[in-house]
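Presented sequentially are two complexes of chain A, the first with chain B as partner and the second with chain C.
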Partner chain A sequence: MKRFNYYKPRSLDEAWELKEKIPDALFIAGGTDILVGIKNGELYPPALISLRSIPELNSIKINGGAHIGALTTISDLIHHPALYNIYPVLVEAAKRLGSVQIRNVATIGGNLCNCSPCADMALPLLVLDAKVRLQTAKKNREIPIDEFFKGPGETNLTPNEILTGIVLESPRKSAKAIFLKKGRVRMDLAIASLAALMEMEGEKCQKARLAAGSVAPVPLRLFKVEAQLEGTTITDKLVAEAQQLAAESVAPITDIRATKEYRRQIVSVLVKRALKNILGWSQA
Partner chain B sequence: MKKEISFTLNGSEVTVTIDEHLCLIDILRGPLGQTGTNEGCREGECGACTVIVDGQAVNSCLYPAFEVEGKNVITIEGLQEPNNKLSVFQQAFVDHGAIQCGFCTPGMIMSAKALLDTNQNPTEDEIRDALLGNLCRCTGYVQIVEAVKQAAVQLKNKK
Partner chain C sequence: MTNFHYIGKEASRPDGPDKAAGKAVYIQDLQRPGMLYGKIKFSDFPHARIKHIDTSKAERLTGVRAVITATNTPEIRLGFLRDNFALKKDKVRQYRDEIAAVAAIDPEIAEEAIELIKVEYEPLPGLFSPHEAMKEGAPLVHERDPQGNSRTDNLVPLQFHHESGDLEAGKRAAKHVVEGTFTTPMVQQCCMGTAGCIAEFDMNSNLTVWAKTQIPFLAQRDFNRALSDMGLAGKNARVIVPTLGGGFGSGLDTHCYEYIAILLAFRTGYPVKIVYTRAEEFANLSPRQSSTTKIIQGCDQNGKLTFRHVEVLQDNGAYTSWGATYPSVMMMPATSLYRISNVYFNAQLVYTNNTYCQAMRGYGNPEFTWALESNLDELAEEAGIDPFDFRMLNSNKPNETTPMGLKISTCGLKECLETVAQKLNWKKRYKKGKHRGKGLASLIHVGGGARIYRSDASGLILKLDDFGNVNVYHGGVEMGQGLHSVLTMAVAEALGVSSKRVLINPTDTGTCPWDVGTHASRGAFMACNAAILAANKLRDKIFGLAEVFYPQEVEKNLKKLKKKNPNYKPPDFDVIKAARRENFELQDGFIFIKDGPQESWLRLELARLLRAIHFRNQGQMFTTEVFYDPPNELPDFKKGFGNISATYAFGTQGAEVEVDTETGEVKILKMVAAHDVGKVLNPQALKGQMYGAIAQGIGYAFYEELLSKQGKILNPNFRDYKIPRVYEMNFPIELEFIESNDKFGPFGAKGVAEPGLVPTAPAIANAIYDAIGVRIHDLPITPDKVLAALKKLKQTKD
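Coming up: the complex of A and B.
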């Protein structure tokens, strides 16, 4: 394996200073993707700058909405005493990420920055309209999460920028959401996955959010499907149309896990299951 | 670059000089000579290298050695009982035929221990979830799950 230096800064300022000095260094969170990339010879950074020892990145604050530090591990999300009650869809997705060993180390920020099309944490955050906080030594910005993903492994981050946290508003009482993932075995990456959220007022859908994974270059908001559902009374026919529209909106590829045709089919089925579950018509 | 780190390994303080790019498994099996932890895939899929760091099961092949500074690490060697007696986990795996080639066993046992340390009465689903990241190519998992159930009962009776 290629040798590299490993730095453990204690503050963000120290991390940015190191990055200034070693521009080709990579920031590393849990490392479950980066270390695999290095071992496989896909990445060869001269240095890794670990963000694990920066205390301010490691907390979950709940105050009406929530601020989740980027270095929060997937296990910490699952075991947090209050998070599940407020954002069940986020915790459900966390439970489906990898194995216990991976969840104990992998972080929510790392999952987003790795920017895999199958990133499990991206989908619930997309349907929750999360914002990500991106910081450099000089600049601090917050952008909607659907603007964060640019392509496979490619994010909106500028070279010295660090994703420091995720900002969530408090969900409406009427909002109901679900996360569904289809993989060959439970631990595997998704063949296709879907998160959906709807706010219903009586029979009417006031707000709809759908996001699909493993079916496009990035975790994908299904804007057309959302627009079609919002403001309508949802019927069986409309669900069928939403399925069709979802299948047309995605751009999957064929790889070792599945063919593009199968992925399209699965997305359509996941849309049906998600909507029917949210509406209380059936169990997912 | 080489650096010195100190941490607790199976109850004893150890200090070791390491290359910064190494992972925990490299220093366990290398300078520390603890070869009970096995390396399978080297990429976090198989769980053969599972150890417990500060109470949590982790893949030691994906854990930067540098990050264990000051932490508490337990490996399969840490479960050894005095006088060569088999530990509860070892006996349970033997009783149920949960071992064939044995390569995955240390990792399986560490994942099971991490579970039982925090959950005395796991359901079968919880056991299967805890062992999801540990692959066994011989036994088919049924015997392993049965062994963990037995270990859970015995550990509870011990207390």
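Coming up: the complex of A and C.
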């Protein structure tokens, strides 16, 4: 492990200032990925700039929609008094991230910025059409979350930019969503995971959102499956086609957790179970 | 049936409160004045010649006190076949080979120094499977044997062979024959506490090692030999065992890191501590061997087994540990689980450039029973007999001698089978298409020590003090399994004192008598038998001296009582006449006369008697020493014959599962385990052993596999190497204990530490077969293997 300096700014301005001075420094939130990387010798930044003591990053505001500060811990998402009622799928995914100890320090923003294909928080945010707020000292922008992920460990962030928060719109009453995850054991990085959301009007699907984890270089929106479902009356046959399309849309790899063939199979099964659950046809 | 005061009753563990409060001192916590931190430079290649080692930069780093290599230290050989070296000189044979080591004032500097050591290699072709290593013309892992003779192949020079009866006749008599090949992976012991030690020399060059070991006395012998190699012949190594966070077989050998700490401590003159990180533990501590077992069994038309043919191939890795003698244990179920008369068994171990392997709980038995009990279900199906009926028909019975010469005294196997069948509602089977099934598997294991060394003995000292406390000195190791709990109970029970008065002292070769080691499920069996012997010796001495001193002391009691209560009329009882050694009883710390009047003044506190005998001219103290050696034999493993254990443990486990045929996931609905434990000593401790073992069995069945590619461990952490957590153990486990009251067992008890994980995986695999009709041959049973097997089944049906 290489030695590094550690900074704990009290404001965003101070954080950007430090980053200007030490361009190779890394912003750090919970540290559950970065510190592991440093200890394993995969990362060796000269300095870490912790964002944990910046108050404005650390809040959940509910106001029609919601603004979730990037430094909100996963445990705080789970224990928030109102969040579950509005965005149950987000909290269900949060419950499946890591262990209690990890959830107590890991943050929602950190989980996104680490940009792992298996990031548990990415999937519910993708199906909720979340936006992420990215800020530098000079510029402030909001982009749809599906534009945020570029590749494994690679995001849309420019060098000095900080992900400060996640913006969610108020969901429609008719929207129902679900998060499903398969690991080798329950507490594991996903072999494959899926979030799905549908807005139904009678028999018809008005809107469909599906996102899959651990089956592509980034957390993946399944646009083709969404397009196929929207505006249709969902039947068993259509679900089978959606499964097929989902399996074709993903590009999994073989690693020590699972083979690519198995991952493809699991995505297909998860699509079926998610859709049938949302439609009330069966328990997932 | 004896009435016990402690045995068989719930008792908390003496080591429990300190562990729960974080006060127990593990090797991680232990500090010595002036202590330095050692770190090891491991190989960068699985097989290579070492051309040059440059340690100059590391030596110049501030805070570094010593850098050692094979060239600047004496050669220390180790291992079961002495084929390993503490530091490697000419060649590395596995990724974890130790090339150099440093001692520094803190762990970070030590780590930095390691990174500054540069090694030049000449890579050699590697061998990563026994099959590759057995090919003609394969490169040699060891060019020479430890005696210096040239080697021509990669076979480990150990023979494990058994032939009994008439195999050909057995084959002719068979109406049904089933053959299968089954494999098991390397798995890690996954102790909560990682490996480590502190080595310290005094100014007389005597050595103390605080070691995470299960064999303090064999370690002492090994370390004394190392001292001799270092030019310190005649100096003594003292081994002290701190609190251990698990052993599971990983402490059955001495390890290179221990010798390296010794070399660094001698070089620097300061205590040196080496503790493995979790990643080092995974990559550099020896796991359980992988195995391939080819098994053929046959039975006659009635289902009676007629023969068994077994060939085992094991990947030894680059060096040889005690774990290489796994086949000595495999031979036991191969020849003796179920009644069988025509047996062929042969095991071959092969050197490769993979990590070398060592002992782990069960010691070959889980590997072999996986093959045997899976194959037995296949044979039962072939014969058209229910798997339960098939096992009952062939079950072992008490008072039999098996083909290996195992003398089975008590045997509760039939009761175990019946109990599991009843608890699983065996005869009520699920309909096809429900994807639910039930499965069974049984086991035999050593339950009365295991003589795999010249001595299988265990010494014990009891020392009574003036306050009525009993100090116990025993060479066995408490590593979390609960040995001290049952030893406390055994001493209290056998001697007749309160268990609160029993104090178990730390295991230390300097104070405790010799014990071969805590392995082979022998800890409680040996320690409690030794405790009974010692207690009986002490009672003899106490009762003998009490003939004189008891009447004196109770006379004082009576005087006091009369003074207090002048009207008291003592019963008509001649104390002096009654005070004969055979009339005394000692219970709960009070000595009294059996069948005497129940007067309180006749109940004499043991401590008072001891003081009366101690504090006088020509006084005496009460310390006794025993050496219990069980009635078993060191088998001839080349012939595969000998009664290795004084008694044998049996058991059956049953599983009920549901398979998700879309994902291949297997959900356990229920596990039932019935074990012949001889006698329950401490119900809570026994349940703990069994639950823990079943969890480890579940890990073996579904999750655990130490993956390696070209000799490199791919999953050296708990993110990538999965063991079951509480979420995975979310099903009921019903335990039943069969008490067969073995005549050799302490209070009737047999060893129980390992049996709990032996039949778990095959019971589950048999249940999966019952549920969906696919047979998994290779552990672990992962969802993709289940799906692949289902796909194949569908193809053959179509």
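Everything below uses one rule, namely that the second predicted complex is superposed on the first by the 284 of 284 C-alpha atoms of A that agree within 3 Å, B and C clash if a C-alpha of one lies under 4 Å from a C-alpha of the other, contacts with A are read in each partner's own complex, and residues count from 1 in each chain.
In the analysis below, a residue touches a chain if its C-beta (ideal position, glycine included) is under 8 Å from a C-beta of that chain, and two chains touch if they have at least 3 such contacts.
Everything quoted here is computed from the prediction, not taken from an experiment.
In the superposed model, A:E261 makes contact with chain C only, not with chain B. When the two structures are aligned on the shared chain, A:I22 is found in touch with neither chain B nor chain C.
After overlaying the two complexes on the shared chain, residue contacts for A:R186 are found with chain B and with chain C alike. Of the two partner chains placed by the overlay, neither chain B nor chain C lies in contact with A:L43.
By the document's definition of touching, of the two partners only chain C reaches A:V269; chain B does not. In the superposition on chain A, no contact is made by A:I62 with either chain B or chain C. When chain A is checked against chain B and against chain C, the one touching more of its residues turns out to be B.
Once the two complexes are overlaid on chain A, the chain A residues touched by chain B in the first and by chain C in the second are 1, 40, 186-187. Across the complex, chain B meets chain A through its residues 1, 19-21, 23, 42-44, 47, 50, 56-59, 62-64, 66-67, 69, 111, 114-115, 129-130, 132-134.
Of all residues in chain C, those touching chain A in their complex are 108, 111, 279, 662-665, 703, 707, 714-715, 719-720, 722, 724-725, 727-728, 782-784, 787.
Against chain C, the residues of chain A that register as touching in their complex are 1, 40, 182, 184-189, 256-259, 261-262, 265-266, 269. Remark: chain A residues 1-6, 8, 28, 31-32, 35-36, 39-40, 48, 50, 52, 75, 98-102, 104-105, 186-187 touch chain B in the complex.
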